[in-house]
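Multiple structures follow.
Each of the next two complexes has chain A plus one more chain, namely chain B in the first and chain C in the second.
Entry: the complex of A and B
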């Protein structure tokens, strides 16, 4: 997908928040939504079940305005984490410019994290994208939970982050690490783009 | 009294950005040509934006261009103090004289002229005097002249009559450039993003920016882990997303109130990233502009690129620009070798005027006539060898084989007419055969005359450059330097320079250098430092050989009796022999007879026919005088030829 359109001078970044169910992807988007001035954000589309689980996907468009003469838009998506919504996940992942993997820091969720990570890899492959070529950052969410329940960021990095991508400890509910994560993925995406346009 | 220029404050350490570009360009121009452009130059800006730095940089740069220039830097307060001290000591006139003799006067902080009527009058007088003498004045102030309270109208108009430029606060890019350079200077390395974060703060001036850098350096020094951009922002009191988030975690209620700009922070970060990544070409162009501007080249062409939205082929444009600059550099270097004054032209600093620069270079190339070459009339083959000039000839051969390395300098010594000039030019001709050789071969008199003409035409630098290109310098009749102090001075410098570069030097003199009158000791000792080769009086064998050659040249059938007769004549030099032959041949032509021993005897021993002598008109010693300038020495041109016997007397006197 063409990320930068030099003719219309537009930059559009599609960033997908990926991860196991209940890891806090939608919470991330909510937090961002709360921080973006009204004029800059589109309507946040959230299709949720009655128990507040993402059924289809969340979509948050952010208009960053003119940056260096480019109309810059970020589109943040989340995928449903639950295993049985894989078709949706694959659909949302299509044309993504970058992926934020939101991991659940709870020790008992480790297997789900791993499974979701593998799922991400296979879904990308379905689109013909090598996971190594995709800008990716990790967010170890729920670090605010009691110590005995969670793994430290270092332990999580050991377990999940075998490609040594940038990773951030976060507490999406209160906002810690949310924008840091978003900033990191934006940088990766934009850098990849410049490398692509130079080539 | 006068504050010394701070060695750190040079143009090299001055970061140029949009806000100070004009001031820097004006400063550079003034430093290159003090007194000729923008006089006075008035620079104003808020505190801490680089006025003093720029002022001192002008001083340093002017000094670098012309080391002998007399520069005074002082603040207005120092000036006032000096004035009061001088008045108190009754030395007011001496004070005025001191400042009127300055080539470039740099006065800092003239805003303090407010309410100082007598100083204003004094400064007005000084400004007038300096301007009239064509001396440069540069002033700085924290406000434009018209806003300095209570300033004399005449001063305002004087100041405004030159160039008034301001320095603005640096923009973000310049702030980053300044921070990077200063951090580099201090050997401090920061994680990516830290300096950018510091530059993101809108400091009103560079001094505060330096304060921020100091804090960063100090903070990083006491902490073992490298500082992150977030920590830097926190340290400098800028709202930081991560930090506030952590605070928010403990008190969720405070979140929205305490962090209204988490998004704008993100926006700034993305802007920086986009600037770096998406618009990387802008960064590349800006970098090129900064670089070449720093080297003093005009960058209008590159700046035009920045005005466009999507220029095609940016890298090609930069590449072409760099190529043009390289060409300019080559031209400038070439021109500098020919005419240092012409190389100072701003043409060689503007790639957009490359065509003009090429044309100028062609002009200089044409104008830079090579130094006088040896005369083709004196070939080495035509030099008659013999016992008396054996040493000189073998030395000459050694010089020709290894110029500059064996005998340097070589001084050929001998009385007039023994072939010193011939040998000198012969050496020159042989040396000139080498590829790339530029042989300067001329008489000392011509050398002196050229220098006088150069001084007269204000082209001494050009003249010097002309000779400095020479791979060999051959001067005939070095004793004519006597009493010509300036030429001796120039020759001394040229001598040293050529000798350092292993260029060959050959001189001729009528006697051993240490017996020559009126030569400076330093030149004399240098002449003796090489080889002094003497040419003695010719013996009969050599005389015979020389005669044979001269007669052949005159188209006379060589007969043994004629040769023997002439070789036995009392002649102590080849030149007088040539004179003999000339007389005989002329007489023979006048009488329409073949040249024979009998005729020669009749001509030389009987009374030479007066009519025949007149008929030849201009007489020379028989040496072909080249109009190409090989021999211009009056000493070599004999306008009135005395009888041979008289001439011998004269020369041995």
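Entry: the complex of A and C
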């Protein structure tokens, strides 16, 4: 859950990148890490296996600067995508303010995308959170692969985007769609925070 | 080195703990890794990394306890050659607070840290507010948000 302090005027929010194994969640964070000025980001922490698969999470704190007089910081997390790491995936979701679902655009990965979406819903429910109440953005990653191997963003929206949340075609390795995705989830999270605070 | 608190009610118990237990670094945080107060860190963004890792350790041992069908482990201690790390949590009116303390073995000890952790836990429980008042964020929040994101991402 976001932390808002009106005395010190600080906002801290947690955003979790979710999705099936090898869909590009860590790649998103690596790209953000490489492009955000050093003064505006912390160290990137990766708890990974020897073969660089995410074991627990990747973590990257970024400083959005002053927004309406509030020092605003985001904590970006990824979850391990592999099915058998569900216990750690559930732990990382705890206290999330927003979720980016990184889908693998390859046609043969469609079932894995669906399974991961269902897993997201079930893990949020374990934390007492209805997925419909959670700010969510979809990213259709690997759109740079040959056309015959992938589904189009429209096809992926039809198959995965049941809530018609904002979705973005991406090539996270080269950065296309990475900041658009992060910007969209940032706006959703902070707008919800702003609305909740005014309520 | 000064203590800094995002939530003011945590500051005095933290300051007392640092002085009495002679610890080098301390973090008070939520179970999700949000920092409530800190002592000894220089960069706010580095604090977040330490908090994320500390919260992850607590979460994973808590899950192990759940799978063993036992109550969560009360505290964890990792002892290195020069430093020790102490991790524990306590319940307050504002919810659970996770505490991470790093101490030098030549100026403090696990026993000292545990002793004064209990004292800090009592002080935190007594000081924690029951309710947090909601205040309205500025009306131009959304416009400034968009400008800040564009600046940060160089767009």
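The definition used in the following text is that the second predicted complex is superposed on the first by the 197 of 199 C-alpha atoms of A that agree within 3 Å, B and C clash if a C-alpha of one lies under 4 Å from a C-alpha of the other, contacts with A are read in each partner's own complex, and residues count from 1 in each chain.
Keep this in mind: a residue touches a chain if its C-beta (ideal position, glycine included) is under 8 Å from a C-beta of that chain, and two chains touch if they have at least 3 such contacts.
This one's a predicted model, so the numbers in the text were calculated from it and none came from an experiment.
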Superpose on chain A as described above, then tell me if chain B and chain C fit or clash.
-> clash
Give one of first, second, both or neither to describe whether A:125 is in contact with chain B, with chain C, with both, or with none.
-> neither
Kindly classify A:70 by the partners it touches after superposition: chain B alone (first), chain C alone (second), both, or neither?
-> both
Report for A:83: first if it touches chain B alone, second if chain C alone, otherwise both or neither.
-> neither
Counting only touches as set out at the top, which of chain B and chain C does A:107 meet: first, second, both, neither?
-> neither
Return first, second, both or neither, reflecting whether A:144 touches chain B, chain C, both chains, or no partner chain.
-> first
Of chain B and chain C, which one contacts the greater number of residues in chain A?
-> C
Scan A:42 for contacts with chain B and chain C and give back first, second, both or neither.
-> second
Would you check which partner chain A:154 touches, where first means chain B only, second means chain C only, and both and neither mean what they say?
-> neither
Based on the superposed arrangement, let me know which partner A:171 touches: chain B (first), chain C (second), both, or neither?
-> first
The shared contact residues of chain A with chain B and chain C are 6, 35-36, 40, 64-65, 67-70, 72, 179, 182-183, 186-187, 190-191, 193-194, 197-198
Parts of chain C lying in touch with chain A, wherever the complex brings them together | 5-8, 30-36, 43-46, 48-49, 52-53, 56, 59-60, 63, 134-138, 140-142, 144-146, 148-149, 151-155
Inside the complex, what are the residues of chain A that reach chain B?
-> 4, 6, 9, 11, 34-37, 40, 64-65, 67-70, 72, 144, 171, 174-180, 182-183, 186-187, 190-191, 193-194, 197-198
Residues of chain B touching chain A in their complex?
-> 241-242, 245-246, 248-249, 252, 255-256, 259, 262-263, 265-267, 269-271, 273-280, 282, 309-310
Inside the complex, what are the residues of chain A that reach chain C?
-> 1-3, 5-8, 10, 12, 14, 35-36, 40-43, 45, 47, 56-57, 59, 61-70, 72-73, 75, 77, 87-88, 91-92, 94-96, 179, 182-183, 186-187, 190-191, 193-194, 196-199
